[in-house]
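Everything below concerns the one structure shown next.
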């Protein structure tokens, strides 16, 4: 249905490394992989028809990162063409658990496990909007 | 009167360069000098008793950059100790014009001319709060 | 000849605004427009066949921003689709002068005038590589 | 011995939240806590007499983050005064394991577990410089 969103809930988002992303060690600054991952999550939601601005306008909710584990395997460098693969691991009442991989072609550079919470304008936990939940669960792989 | 704020409206704010500020060319990324300058302006306002959160809470206003000219003279490097000097150039009805210099000891690294506008929550121009205006003009150098 | 590079030296580069680009005022943080402009310049060079890594490897040169004037006209917001238009204004012996505009559709958000210098690994000015100069001048608009 | 560095290997570093650190949700952008933590580690090393530039110049080494787990407990906001507490958990042959906490007064905002590797200019693992190892282990709490 949605562009860039595949069976088994994996979404891929390409990006380019610019000077702003690098540091004096000549590679991508470690915190910036979290920015790349967040772009991937935002584009996954957009590809499903739920950009952040719409979720805020229609449901009054957004997402806040609760927990993030990053393993850095290989450095990315200036002008590398990277891909952020995002896989849905679990859908809770008010949370999403995601696996994300940042790669350069077939080389895995960083591996992330991210837990995000659905929150209201006051920052408190809120149930996932039902339309989003339906979209997330309907696209899941079917039992045979 | 206020700490770090001197006669003739010059405020100095020290900072350290970290990895996050540098890029693969081994020096501070050019856009980050604008961040340093903004820290200097924020600390100038704080030193005068007008931190952003208070201005927003009591007067419903904030500042938006309207125009910025930066001249880059010498590069800053990892772990440099820098100073941001901020000088008030002009106070308009709804704008402040500032000169800012980023230096490493006596070496001038970047020279900025910044025009900021006072804006309301809707982003529209608003007159400077009178208490802020009074503070800004009362500390101005007096004619002999 | 090159994708996205048009007669009269104007190159257009699209980008999306993510959370990382915004600030607590709800719009794109002013320094980040300089990042967007730098992405535009990098992509212009890439579209002409001169990505930074190649210029560094074959000619030992890079570009440093010497001067930047930004006028902020309208704010960009989360998830806006922006375009960076980059126009070559002048080619000096060791410098490029560029005009850059950041727009959302037809709305002009920011207008930049940027002077970049070609520098060697030691940071000192270097003449533009002749192949790059040829490419920049051969695509210039012809006199009638 | 060193300023801000206490028995049991805990180092505290204060910082202020600026506009650059926040996002459109009105709080500090999640990736920026990793920048704050990195500032804390850099200042811990500096307080012990081992700033990055000296480690690079005398030993040809630097540090690369290998793994980072962050738990986000409470949001930080514009102009908050934060403290980064850094505690040494373990010293390996070529790695340091650190616990880091970002707090606002007594409120814990984020809790990090960070593994950094000592690397040479080629990015390959290198043993910790012996002077640094000695400093790290001599200040450790002594057995009774």
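Order of writing sets the labels: A, B, C and D. Residues in every chain begin at 1.
Convention: contacts are C-beta pairs under 8 Å (C-beta built on N, C-alpha and C of every residue); 3 or more make two chains touch, one makes a residue touch a chain.
Being a predicted model, the structure only gives us computed values, none of them experimental.
Student: Which of the two pairs, A-C or A-B, is linked by more C-beta contacts?
Tutor: Pair with the higher count of C-beta contacts: A-C.
Student: Return the chain whose centre of C-alpha atoms lies at maximal distance from the corresponding centre of subunit A.
Tutor: Greatest centre separation from subunit A goes to chain B.
Student: What is the distance, in whole Å, between the centres of subunit A and subunit C, each centre taken as the mean of its C-alpha atoms?
Tutor: 28
Student: State, to the nearest whole Å, the distance from the C-alpha centre of subunit A to the C-alpha centre of subunit B.
Tutor: Between these chains, centre-to-centre, one finds 35 Å.
Student: Could you say which residues in subunit B touch two or more other chains, in rising order?
Tutor: Correct list: 19-20, 25, 27, 31, 35, 38, 77-78.
Student: If we count contacts the way the header does, which residues on subunit B are in touch with subunit A in the complex?
Tutor: Touch residues, subunit B against subunit A: 19-20, 22-27, 29, 31, 77-78.
Student: Under the touch definition given earlier, write down the residues of subunit D that touch subunit A in their complex.
Tutor: For subunit D paired with subunit A, touching residues are 25, 27, 30-32, 34-35, 38, 62, 64-72, 75, 123.
Student: Enumerate the contact residues on subunit B facing subunit D in the complex.
Tutor: Residues 16, 18-20, 35, 38-39, 42-43, 46, 51-53, 77-79.
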